[in-house]
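So the structure is just underneath, and the comments pick up after that.
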Amino acid sequence: MNMRKIVADLHAELVRYNLVVWTAGNVSGRIPGEDLFVIKPSGVSYDELTPENMVVCDLDGNLVEGEHAPSSDTAAHAYVYRNMPDVGGVVHTHSTYASAWAALGEPIPCVLTAMADEFGGEIPIGPFALIGDDSIGQGIVETLKGHRSKAVLMQNHGVFSIGKDPKAAVKAAVMCEDVARTVHVARQLGTPLPIAQDDIDRLYDRYQNVYGQRSPR
Amino acid sequence: MNMRKIVADLHAELVRYNLVVWTAGNVSGRIPGEDLFVIKPSGVSYDELTPENMVVCDLDGNLVEGEHAPSSDTAAHAYVYRNMPDVGGVVHTHSTYASAWAALGEPIPCVLTAMADEFGGEIPIGPFALIGDDSIGQGIVETLKGHRSKAVLMQNHGVFSIGKDPKAAVKAAVMCEDVARTVHVARQLGTPLPIAQDDIDRLYDRYQNVYGQRSPR
Amino acid sequence: MNMRKIVADLHAELVRYNLVVWTAGNVSGRIPGEDLFVIKPSGVSYDELTPENMVVCDLDGNLVEGEHAPSSDTAAHAYVYRNMPDVGGVVHTHSTYASAWAALGEPIPCVLTAMADEFGGEIPIGPFALIGDDSIGQGIVETLKGHRSKAVLMQNHGVFSIGKDPKAAVKAAVMCEDVARTVHVARQLGTPLPIAQDDIDRLYDRYQNVYGQRSPR
Amino acid sequence: MNMRKIVADLHAELVRYNLVVWTAGNVSGRIPGEDLFVIKPSGVSYDELTPENMVVCDLDGNLVEGEHAPSSDTAAHAYVYRNMPDVGGVVHTHSTYASAWAALGEPIPCVLTAMADEFGGEIPIGPFALIGDDSIGQGIVETLKGHRSKAVLMQNHGVFSIGKDPKAAVKAAVMCEDVARTVHVARQLGTPLPIAQDDIDRLYDRYQNVYGQRSPR
């Protein structure tokens, strides 16, 4: 199954960009045309992930295929797939700089053109939510539905990002940490200059539309 | 002997997660059913560690087997094994962010759900203690006995972490540095939001019990 | 064509020194004796760059050779080549620390002898400029023409660096991030000591002339 | 010649611990029994260093053997070997955190037991000195002669470290950056707790003498 390989392989990007330690982050991908998604098995280290040990769940988060338990964050992924039909990939990390903003409960302000391009403005904060029911999933969907940003900083927790496919969601997670780090450093140095809303809009529009018709930068 | 291989291999995780420079950190593991533990030899670089050059000590820290002197931190490991019978693994590092909190003498406050999961609250500070007798071991045991946290920040020194086996102790050392870094960054940005004690308790309970019955996240 | 290989290979230095994430930075090199330059294709990951998939553009930024679209930053590179005939290489990154200074709109002050050697003083700020026309290229050229520095921090954006060839431009990008990080850390600790203008001049002169006649340090 | 291989290989440790970018740091080693030392060639990248392309200089810094020019820092190394007969190895880097303290002109205070062990107290600041004559060498020797610390932070410049052999000097450079980083982070968090002079003395004495008779930690 191709989506198993895509999801298994994309975890290497989380490792490459230092978004995860131990087994703390996960990628999932919707299986096109079916009410199913592939997700990381729980407690398996990134070195050992293969297409074969990925697990398949239905949109209620029930295990459909696989020998391991699904990631403990499966319910949140499932909620997103159930409620955002255009989403084809979901990523969760506790990446350092983004999680620091999350611990503060502050959105990352849009002071970099790369943020305007990719997120269309600030990266928003989602609610504090406990694991165990649909709270996390609801918080993600409420924050991201209709929002330009493809990433949300869940308060005191970490990042969830979404995309049309798992690769796009991983890209959003990578870019989120990158701008979280740069804006943090800028804030240590002083007060970053704002970008006018008008300019943010122009950058976002161009990046999503002009470049969207060709290949992404 | 299997525990020699387990302990030798786990040092690679200290290197992978940048918890150590030169030869400054060490892992040990209790040999099940015997009053012995395996520990890193002194002054051997991480690249050269093999099951064969690991050393075996008794619970007073005396060398029982091995051609190298045991780690200079052996007395502290031995004290922990003598006084905490459930501990099967001990790790010591000077990892950057955790050691910075240790230099301050301040516990790391629990402002991340991952801390609540893993440490059940703040990561505590142990006393300032000199090497050369049982002071360090005593400080570790006094701080961690009955404490939820599996890691202690020894004042002006570094981290000791414990676990049911060496892998669990390494995981605690890795997670300790990860949250030490994230909370540091959050503190630079402003004042991290606290998590209610009630929520910390719920997260800790769930992570230790519900997930404990399956595989860890 | 040799310049294709040079440009393809130099992208590995951007990765090695953590100047880029995903596909966000690019290197170009002027083809000696022709009004053409080689540049990174758009949206191709650094792992997949080869001499063959590099693209060739004329000095107006039009694609002359290649199966991929050129980098979305091609217009800025082209403007520099058109207006600075001595420039043989251009690099663009969003490297973290340099981009943080750019978000502030503050030049990096010259408080390190390595900066005096390499940049001859502070690293300047260029204007805020939107992608889509020649604004970015104009900002680069206006800032760097006649300036000792081979790197400019484009406000709220990132770094452009230039050199007599692509390798020199990559070196400037690497050194720019290195000093941006060191001076950031120094500023967190307190107030870095200035270097007297006279000493800056002597260091710059020696590095460019005395060592320039042999091989660079 | 064995010292060529030792010196060539040790540069990999500078790379491994991120103490250098491009070609900016260097290691040298005195050839036992001769008034000569081996040093990095100028402008050769770390990937290309071999025992064969190392260069040999006399104690006035004149090239004796080798096809490349010696490192541009050779005069400083030579001055140290001429004036400190017990020194068998010298290392120079612009490592980030140590250079930040150097830009401030502030010694790194001894707030970590690892600093007491290795440096016996604070890491001192040397004078601002220009390249081109013996100023840098004099500054190193004046600062380190009779000092416990094997590393000096040359103001606005970077680190020079010394040792009985090149490996010991590299270890001092690695540990210097490690504690420079940890103490920086501690200072960002608040005011690190001092260690009593008495305890520093005991730690230093034990590390140099008790462990010195066996193998280093």
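Residue numbering begins at 1 within each chain, and the chains themselves are lettered A, B, C and D in the order written.
Note that a residue touches a chain if its C-beta (ideal position, glycine included) is under 8 Å from a C-beta of that chain, and two chains touch if they have at least 3 such contacts.
A quick map from chain label to UniProt name: A, B, C, D = L-ribulose-5-phosphate 4-epimerase.
Being a predicted model, the structure only gives us computed values, none of them experimental.
Colleague: Which is the least count of steps on a path of touching chains running from chain B to chain C?
Modeller: Step count on the best path from chain B to chain C: 2.
Colleague: If you list every residue number at the chain C and chain D contact, are more than half found on both copies (same) or fewer than half (different)?
Modeller: Mostly different residues.
Colleague: Distance-wise, how many Å sit between the C-alpha centres of chain A and chain D, to the nearest whole number?
Modeller: 43
Colleague: Mind checking the centre-to-centre distance between chain A and chain B? Centres are C-alpha means, answer in whole Å.
Modeller: 31
Colleague: Using the touch rule from the top of the page, what residues of chain D touch 2 or more other chains?
Modeller: Expected reply: 188.
Colleague: Graph of touching chains, which shape: line, ring, star, complete, other?
Modeller: Ring.
Colleague: If you look only at chain C, which of its residues touch chain A in the complex?
Modeller: Contact set of chain C toward chain A: 21-24, 42-43, 68-69, 71-73, 94, 96-97, 99-101, 103-106, 128, 130-132, 155-158, 184, 187-188.
Colleague: Could you please specify the touching residues of chain D with respect to chain B in the complex?
Modeller: Per the stated touch rule, the residues are 17, 111-114, 171, 174-175, 178, 181-183, 185-186, 188-193, 195, 199, 202-203, 206, 211, 214-217.
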